[in-house]
Each structure stands twice: as structure tokens, then as C-alpha cells.
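Structure, as C-alpha cells:
Naming follows writing order (A, B, C and D), and every chain is counted from residue 1.
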Amino acid sequence: MLHKRLPVAILGATGAVGQRMVQLLADHPWFEIAVLTGSDRTIGHPYGGVVRWILDTPIPERAAKMIVQPTEIVADVAIALSALPTDVAREAEPLWAARTAVCSNASAYRTVADVPLIIPEVNPDQLALIERQRAERGWQGCLVTNPNCATISAVMPLKPLHDAFGLQKVHISTLQAVSGAGYPGVASLDIIDNIIPNIADGGEEAKIESEPRKLLGRVVEGRVIEAQIAISAQVTRVPIIDGHTALIAASFAQKPSPEEALAVLEGFTPPEIVRHLPSSPEQALIVHRASDRPQPRRDRDAGRGMSASVGRVRACPVLDVRMVALSHNTIRGAAGGAILNAELLVASGIVS
Amino acid sequence: MLHKRLPVAILGATGAVGQRMVQLLADHPWFEIAVLTGSDRTIGHPYGGVVRWILDTPIPERAAKMIVQPTEIVADVAIALSALPTDVAREAEPLWAARTAVCSNASAYRTVADVPLIIPEVNPDQLALIERQRAERGWQGCLVTNPNCATISAVMPLKPLHDAFGLQKVHISTLQAVSGAGYPGVASLDIIDNIIPNIADGGEEAKIESEPRKLLGRVVEGRVIEAQIAISAQVTRVPIIDGHTALIAASFAQKPSPEEALAVLEGFTPPEIVRHLPSSPEQALIVHRASDRPQPRRDRDAGRGMSASVGRVRACPVLDVRMVALSHNTIRGAAGGAILNAELLVASGIVS
Amino acid sequence: MLHKRLPVAILGATGAVGQRMVQLLADHPWFEIAVLTGSDRTIGHPYGGVVRWILDTPIPERAAKMIVQPTEIVADVAIALSALPTDVAREAEPLWAARTAVCSNASAYRTVADVPLIIPEVNPDQLALIERQRAERGWQGCLVTNPNCATISAVMPLKPLHDAFGLQKVHISTLQAVSGAGYPGVASLDIIDNIIPNIADGGEEAKIESEPRKLLGRVVEGRVIEAQIAISAQVTRVPIIDGHTALIAASFAQKPSPEEALAVLEGFTPPEIVRHLPSSPEQALIVHRASDRPQPRRDRDAGRGMSASVGRVRACPVLDVRMVALSHNTIRGAAGGAILNAELLVASGIVS
Amino acid sequence: MLHKRLPVAILGATGAVGQRMVQLLADHPWFEIAVLTGSDRTIGHPYGGVVRWILDTPIPERAAKMIVQPTEIVADVAIALSALPTDVAREAEPLWAARTAVCSNASAYRTVADVPLIIPEVNPDQLALIERQRAERGWQGCLVTNPNCATISAVMPLKPLHDAFGLQKVHISTLQAVSGAGYPGVASLDIIDNIIPNIADGGEEAKIESEPRKLLGRVVEGRVIEAQIAISAQVTRVPIIDGHTALIAASFAQKPSPEEALAVLEGFTPPEIVRHLPSSPEQALIVHRASDRPQPRRDRDAGRGMSASVGRVRACPVLDVRMVALSHNTIRGAAGGAILNAELLVASGIVS
């Protein structure tokens, strides 16, 4: 598709999500890492010397030798992938967006009206916000966000069901992996042989209760009309490394039977533009019929961590339909999600 | 209360729950282990020589020396505590109940109309079924059951709320410890760094969706009128040793505010007859205000494993009120629950 | 190298090691699965319908459809890979070896004089035993074994050190993953938040204390002269999924300094014939300089699970040199080891 | 023994070890917590409001209400228990020791010549150093230390063997719990499904390789003559909460058989003065005959966490005798060890 690879910056490259971006871009067909930024402690040093690498594959050699740059100085790249902490993102992302396309995993701007919140398989139409964003803010670049890592586990199967049956209410209980808290994140003394029934003191639940409304909304004249869905989230941290599980119970305008819901889930195909992106998995949504799946350790790596999984689709005695959903929180739910958004920007011609 | 300790049999004493009964009765003020029964492999041998002891305290010396007896031969004891597997329980418990009081942790008879299903703090009034049970079956003894180990985590806080506000619908997501599956139970290869989103292929959920209706029912003329509650349960197995967590969302006839719900929970006191039983904890229901509690490793042992805990009481955007409940599954939820029922039989004069 | 792929049987294909063999052979350039054998329960059924698949990738589709065959009937294949339990292996492997080449992961014949015990990087010269084996036993095929999964973690770094300095005494403490016990194997109730300081009631230690003597022996006139090494092994089971760690302290005839030992380890290259086998990793032995490596989760998958790792090479106050070694127990230490032996048989012309 | 309880200060009361001290002294028959000290952040606030309580029992109510004091101001107490970090201990402990008896768990002064390093069951005779310590330093109080939490697992069984057979060489491999690193300590991302083969970058091994020489030394004219023992330690961090396991192989001047070693271990009795201290367990050293013990989860709480355990006593093919030892690292190996030293000071008349 491209004659030469586009230069990409990774903002906040030393953290857990930044490391995943570095790992996933090591052999990317469209993108080439041109800039890695980090905090004061790391600036001016080779990335490999200052990063506390926590992934299970070695640091890519080329990245290891790159000198870490300050986040404050906007570089001349085609795309900036942001793995910045929220407060740093709030300052730095607009600076970068003024000149280049920013695909951010941070939550700072997800709910802002003119900022697209995108899962490519779910709502690529929110790219339409960019025109207004550029006009109103005077940006040459743009800012696109991907949702919270637990939100995406739930929204992937809810999207086709919403389209078919009209989602009205949904109760989501999550079992979230420790990698979602970054590094060092959750202390082992807190989580071995234990469960913590809260994350970010209610903040995680607030995101899960609001983001799906924007993700499942409609774009009308450059604005998102949020879906009117009542959402309840109860989150827990569990002693596993990767993979967020969501137990979902939902009611719909047109009460589907479990069989009807299953048929819709199994028939889900992403929009044409998404299907051929380099990071798109062969199957966006894997539907399990085995009664004990999906399981994080056995299903999180499906589609190189980019496939979502759903199973145990059943009638619910309280709402209409129940199911169990899963996705890899640091790949599909963070670094890979931001990269997929970047690929979408290229495929749609916004970045070239 | 008693001049001498009552002789007690433990049926199925070598399994995980049977071991807990042996442990909990080692120094019991009212009961003395008189008989331990086991499977063919173990009969005729000293208990200490055939049991694969899995608890974290040593085998009580007296029990270790007792010779294991066959379950089929009814012994002359005041009470039989049953930790039998369901199929064995179905055969053996009526034989014992014909002569003595049986307090069973097995599920075989929980839903049978004339068999009390009792949590002493919740519904000691179901003891009233015993009269009819004896009359119709011609038993000198009786059969009383305690609920499933996950049911109890949810019902302890739901009881006072139901009394105050009229429970109508409840959604329960559980995170259950591996000890709930007995020994050897869950393979480590299945659960380390993993979650299994099902237990007993739907059987666990079926129990949680039916037992609370009987537990929260009313006794009218020797029969239980079940509470009309819609219950949805989604269960998971998680990599922790002990302690079942239940994420609960509920709606009530009289929509309580979270503050009203909290006030009722904090004001809960068990019936007078229960408060002074030897295994009754000082606090039947511990209400947590800290936003990250209850946690299994830190709260399961409260009240020597007999206290239930609840926290995160909040408004629910889908139903009315949400909360997180916890109890120790092999103590409060199994062995300790059966023993508490036995103590209730004594305190109420049914056994003497 | 080969014009068409050789037909291979996997004996005992439904167990943990058999599953790994099926997984690793799914896209093998030289071998094609022709036969899968299993126990009575599974014979006559499609493999995918009877296997309790425990790996983290899906069952290969072609294998899933194959009908499981009885182990007792020798099939017409080029190679049989054996993942049989010891007692079954003792009966079945000679039957197969009479007609075909058997590469066995079972321990039944490892210590028998005319049976090669081979790690291709360490002692391919034991292939020389096959001539005698065939002559004395009247076999057309042959029987070759690979060592215990913990033995290999230790022997990979000890081999070059032995060649250079003459190994005399070695103390090995292991921390072994639960997958080494097969499925269901270790009960989660025994190992979560726990260590078990024994495996197979001393049997694992007996293997680690004897197998290296044969592996590091010399072949003289078709017989193995075992290396005269004193070996002490203390094994433990730890709560991790894959990867056996060995803490090694060793003394040598020519007391090397840690620097000399490091230089030898870093200079290790396998024999030429081994380097180009399809399953040979790029690096047979990865030497870590970081002071907290190797770690099982971060290093077990190096070289697709076929590289061994070693680190913390230091002087020992009691013996001469200490180090920490690691390898993937079900890939390098079992299924992958047997496959590498099969590849060696082909490369050496014994199988064609 | 005492008419009223002695006032005690806990220095560094908010950390992991400090919390254990608070927990263990809640109902102590001899001691009463009079002062809790903490860092700048916590001074002037109620302990319960600033401590991040990580233990599995509630904060003792009385302690929760106490106002945290600065460590720099020496209070008028009978004994100060120090759970200070090493660098703070280096400054503060001499200030306190000038006026009162300090029992320290910190490593700052363990190896200093005039500072006793004591395990009461092993070497109470090092109390004899105090006289010289007071004379030379002009202290009214004194400073006594307890060893590293992994050292003690090994020394408890080595002491009686050394007395009987003369320890010469010992190789110690440890599997250490995460609580040994304090809070937050080990990141869950580093240790779930993983092993780390180093602690404190060699620092832990240095302690284990030196402290036993002082602990097993002889006191001659107010000075410790260290035991001449060659010690090799290889440490690992494993994913368990509490309990340090030590795999030990040792050689002795008089080569004992395993049976002789077992007889000595089973015959071990602590010095008379130690046996009746309030924190002394009924059995100082529990000798296991079962071939899969000791195990951390099942044996760490023996004797309320104060008993040491040893098992698998066997002949060693490289040295003379092997065994597996275990003790609770934050009770026996830290907080409980310091308290036992304090009790020893009282029983010996040094504090009154």
C-alpha cells in the first residue's frame, strides 16, 4: 500500500503501554519508529539503557539504541502514538496534534466532543469529527483516541447486538489483569491469593459506564449523538497477567433470544476499510460455543492479541441476554488499539 | 448449656469439607466427634493414615486415631454432619435421618419441599418444616440442609435488604475460590494466570438462581412459600484458595437509596436464638466503608471464617443498589454452616 | 532437504506432552502427522472430540479431524514420537521400534545400555548405539530417548563447562513448573501460594542425579562410558505454568574462574549437524548478563521454547562456580526435545 | 512475671514489619505499645489514618488511635523495637540505644563487633556483648539485632547439627515469599507465573553467607569468634505471600548419617531461659517425616508463625546431609524475632 514506511513517534515509550507499542511496531509494514519520548530521567539516554523492559520478548534492537527525546518538543513525524499518563497527555497531545496526527491511548480527551473515540471495527465513522476538530482548533494534525481497556472487552460484542436489537441497559462485571495498572502497578502483596473489588477508586467504572455511549453513538453533522444506554459496571482486579474478562447482562429494545443473539455475533464482520489493516486480526470477534470459554490465558493471544472473544451467550432471568467477553488489555485494549487507529487514519487518507 | 458434649458423626470425613468439619469440631464446646465415615478405600483404617489432609493446621490428634467407619451403617449419635458427595448423600442421608438429626452440606435434598434449607441468621423459622418431615416420612431424626457456598455470600446481605425493601430482581456475578471444588478439584494448569467462566457446567449458577428464593421465603403452615425474585448468576473460578466474592446488583419494591441500604445493612442483627451459638461470630455481617473491601485474603477469616462481609454499597444505574459481598466458602459456606445448623437444632430443643 | 514430508505417529497424543507434539508438528517442514494414538476411551473418535486440549493455541484443524488409533497396533510410519506414560511405554515402544524409529520422551528405557539418551546439542554421538541396538534386538527401527525435563535445564550449560574443565561435582536445586506433572497433574489447592519440596516422591531427583552421567559420557565401541560425576538434586514444584529453573553449583577438575566459565558458555556452539535442524533455535544457549535473569515467564519462550538460558554465573564459596539455568519444560524439555531427536535421525541418515 | 506491662516503642511502625510488630503486641502479656514512630508524612496523625494496613487481621483499635511520633525524638520507654529501613536505622538506633534497649530487625548493625546478633534458641550467649557495648559506647541502653529473614530458616536446623557434628560447608538455595520485600515491594507484573533468581542484587545472598558465621560463633571474653563455615547462597523470589523455604546441603567434620542428623534435629531443645518466653512456640523446630513437607502455606503458621520447620533429611551425594527448612519470614524472621529478643532481654534481667 505504501512505498515507504511512515515515521512514527511513541510518546511515553518507557511505560507499560509504550513498551507494547515499541514491540508491536518492531516489524510493522507501514510504520517505522522515528522518535521515542520519555520523562526527564530518561531523556538523552539510549532507550534500551533506561527502560525497565517488562515484556516477554527481547527489546527490539533498533529501538534499544534510539536516544529518548523530550515529550515537549514536537517532532516531524507522520503519526504520534501516545501512551502518556493522563495529566501529561492533557498538556502534550494538543501540541503534537497541532502539527501531526495523534492516536492516543490516554483518557484525557476521550470524552471531549470533537475528539473521535474509535474502535475501528465499531465506529470508524467518528473520523468525520476530525474536519470540525481541525477547523475549530486550527490544527494541521488531529487527535484520535481509543477507549479504556475494559470498555473494549464489552463493546466488541455489544456493537453488533446494538445494531440488530437496540441496546437499552447493560450490567458489566469485570475481572481485570494486573498489567492494566501499568508498571510497577499492583503490588504482589495485594493480589496474590486475592481479589481487589475496585480500580482507580471508581474511576475505571466511570469510564466503562460512559465510553460505550459515545462508541455506540451516531455521527450527525460532525457531532456524536450518544447512545441512550443505562450502564452499570462493577470492576475487580484479579491475579492474572493479561486479559480483561467482562461478564455482561443486557436488555434490548427488541428482545432477542439467545439463538438470535448468537447468530448476530457469529455473523459480525467489520467494515470493509478495517478488514485489511495490517493489525486487523483474521477474526475480529471469536464466538465460543464451549461452555468454559473464553479464558484469559487461553484466548487473550488470539489474532496476535487483537481478536476479541465472547462465549456463554445465554438468556438472562433479569435482563435479556448474558455473555462473557474477553480481550487482551495491553494489545487490543491499549497499544494495539492505538496502532489500529493509526492504520485507519492511513487507510482513510487522513494521514499520508 | 450442655452438661456433656453430644456425640456427632461426620459423614464423608475425608473430603475437603469433611476435613473442615473435623478441624472445626476439634475443640467444640457442645459436640464431640464420635464417628468418622469414609469410602471403601478408607474403612477400617485410622483416619490420620488414609486422609489426604489439605488444611493449614495439623490433623487433630484424637481424630487421627479414629477408625474410619462405613457411611452405610447408621451409628448411635445425636447429630450427623454430612459432607457427602451428592449421589452418596441421596442414598445415605435418609437412612441416617430416620434415626438421628442430619445437618447436610450436600445439595441432594436442599430443594425438597419438606427439607429445611437454613442459614441460622436468615431463616431459622424453617425448622418448622421438621414436624411435617417427621410425620410424613416416619423419621425419628430429621434432615436439615445449608445452602451452596456461593449462595450464602449473596444472601447474607440480601436478607436484611429484602426484609426492609422487598427484593425483586438481583444480578449476581461471582469470583469463586478453588477450594470450592474440593480436592483435587481444579487443576493448577487450568487456573494459574487464568479465569474459568463457568462452574459445574451451569450447575453452580442454577443453585444460586434458585436457593435464595427458598432461603428468603416465608413458612406458612409448615410449608415454604418461595420469595418471588428474579435471579441471574454468572459464575467464575479464580486463582485464589479460599473466599467467594459476589458482585451484586439488585432492585427492590421500595427503591432504597444507597444510604438507606447501608443503614439497614449496618443495623442487621441475627435472631436472638442465633446470637449465642458457639460458632456464631461476634458480627454476622461486617459492613465495609473502605472503597477497596471486602477482599478474600484479608476478610475471609473474619469471625473465624463465620462472618460475612459486604462493601461498596452504591446506587446502580441499571437496577437500584450495587454491592460486593464475601464469605469464606469452606467455613461459613460449607462445614461451618452445617455446624451452625447443628447448634441451632440443639438451641431450639430439637436435638438434646 | 526432503522432497515430501515423512509420515509420523504420535503415541499417547491426548496427554499434555502429546498435545505439544501435535502443536509443534502442525506446520513442520519435514514431518506430517499420520497417526495419533490414545487410550481405550479415545480410540475410534476424532482427536478433537476426545482430547481435553490445554494449550493456549487452538487445536490444529487437521489433527482435530484425525481418528484416534490404538497404541498397540504398529502403523506404517517413518517415525513414532512417544509421549506415553512410563508403564505403557515399556510395553509399546519395543513393538514400534521393531519396525520404525521411535523417539521417546518416556523414561522407561532412558538408562538401558543400548538405548541412546540424546540432547542433539550435547551428545549426538550416542546415535552410534543404534547399530548395536538393532543387531542385538533384531529391530528394523530403533529407540532413541530424550532426558527428563529438569535434567535438560542443567545439562545444557554443564556440557560446554564439562568439556572445558571436567565436571566433578554438581548440586542442583530446581523450581519446576506445574505443566511438568501433566494434566490434571498438580491440584491448585496444593500449589497456589505454596511450594512443594518434592516431585514423584524422590523419583524426579533420581533422574536428575543419574541422567547427566549418561548424557555427558563418552561412546566407546558402541557403549556409553558414563561420566564420573557426583550429583545432588533437590527439587521443588512452584506455582508457575511453564519453565523449569535450576540453581546450579559445580566443581571441576580444572577450577575455572567465573570469567572463564562465562567465556566458555558464551562460546558454546552445537555440533554442525544440529545447527540446521528445523527445530534448532538460532541460539542453543542464551547467556544472560543481567543480574535478575533468566526468569521463566520472560525467557522460557526464547527460540520458540527451544533455547536454553543461563545467567548469574559467579564464583561459589563451597564448590567452584554457580549459575542459574532455565528451559521450557514441555517444549525443549519434552515434546520439542523428542522432535529434535527425530530431526537428528533424519539429518544423520538413519531415517529416510 | 511482670507486675505491669513495660512501655514499648515501635520505630518505623507503618511499614510491613512495623505492622507485624503492632499486630503481635496487641495482646502481649509483658509489653504495651507506648510509642509508634513514622516518616514525616505520617507524624502527628493517628496511626490508623496514615498506615496502609496490609495484614489479614484488622488494625488493633488502640494502636489505630495513637498519634505517630517522629523517629528522631527518643521516647521514655523500656524497649524500642526497630523496623526501620537500613539507612534510617543507621542514624536513629544509636540515639535510642543511648537511653533504652533497642531490638532491631534492621541490618545496619548486625555485623558490628559489639552488637549481638541473636536468635534466642540459637545463641542467647551473645547478650554478653552488651556489657562491653555499654562500656565502650557510654550507652545506658543497648542494641540487639535479629538476623535476615532467610538466614533464620537455615540456621534453626543447622544450629543443633553444628553443635553435634561441626558444620564446615553449606549450600543454601532459597525460595522467598514476596512479603520479604516489604510493601509495595515486588510488582505483581514481575512475579505472577514467574520466578526472580536474585534479591537486592546479591545483597540478600551476602547476608545469608555471613550472618550464620556470627550466629553459630562462640563468645569469648565479650567477643564473638565467628564459626569457620563456607557458605554458598542462591536466592530466588517466588509467587507466594509468606514463608521462606531453604534447600540446604551441608558437610560436617564428623560425617553424620541422615538418621543421626534426624535424631539430633528431633532432640533439639532451646536453652531453658528461652522456653518460657511469651512468644516462644511450643516446638522451636518441627521435624517433618512426610516426604512432601515443609510447605510454606501449610507450615508457616505453626506455633503462631514462630516455629521453624525442617524435613526431607537425607544423605547428599555431594556434601553429607540435605534437608528442606522453612520459617515464616515476617513473624519468626522479622517482627516476631525482634520481639523474642526483647523478651529475652527481660527474662535475662537486662531490661526491667
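In this text, contacts are C-beta pairs under 8 Å (C-beta built on N, C-alpha and C of every residue); 3 or more make two chains touch, one makes a residue touch a chain.
Keep in mind it's a predicted model, so treat the numbers as computed, not measured.
*Asks:* Could you tell me which chain lies farthest from subunit B when each chain's centre is the average position of its Cα atoms?
*Replies:* Result for max centroid distance from subunit B is chain C.
*Asks:* Please state whether A-D or A-B has more C-beta contact pairs across its interface.
*Replies:* A-B
*Asks:* Approximately how many whole Å separate the CA-defined centres of subunit A and subunit B?
*Replies:* Spacing between the chain centres: roughly 42 Å.
*Asks:* Can you check how far apart subunit A and subunit D are, centre to centre, with Cα atoms defining each centre and the answer in Å?
*Replies:* Those two chain centres are 48 Å apart.
*Asks:* Give the residues of subunit A touching no fewer than two other chains, as numbers and ranges.
*Replies:* In subunit A, 192-193, 239-241, 297-298 touch at least two other chains.
*Asks:* Which residues, counting only subunit C, touch subunit B once they are in their complex?
*Replies:* For subunit C paired with subunit B, touching residues are 16, 54, 178-179, 183-193, 239-241.
*Asks:* Once bound in the complex, which stretches of subunit B touch subunit D?
*Replies:* The touching residues are 55-57, 192-193, 241, 297-298, 301.
*Asks:* What does subunit A use to touch subunit B in their complex?
*Replies:* Within the complex, subunit A contacts subunit B at residues 169-171, 173, 175, 193-198, 201-202, 209, 230-232, 234, 236, 238-241, 243, 245, 247, 249, 291-298, 311-312, 316-319, 322, 324.
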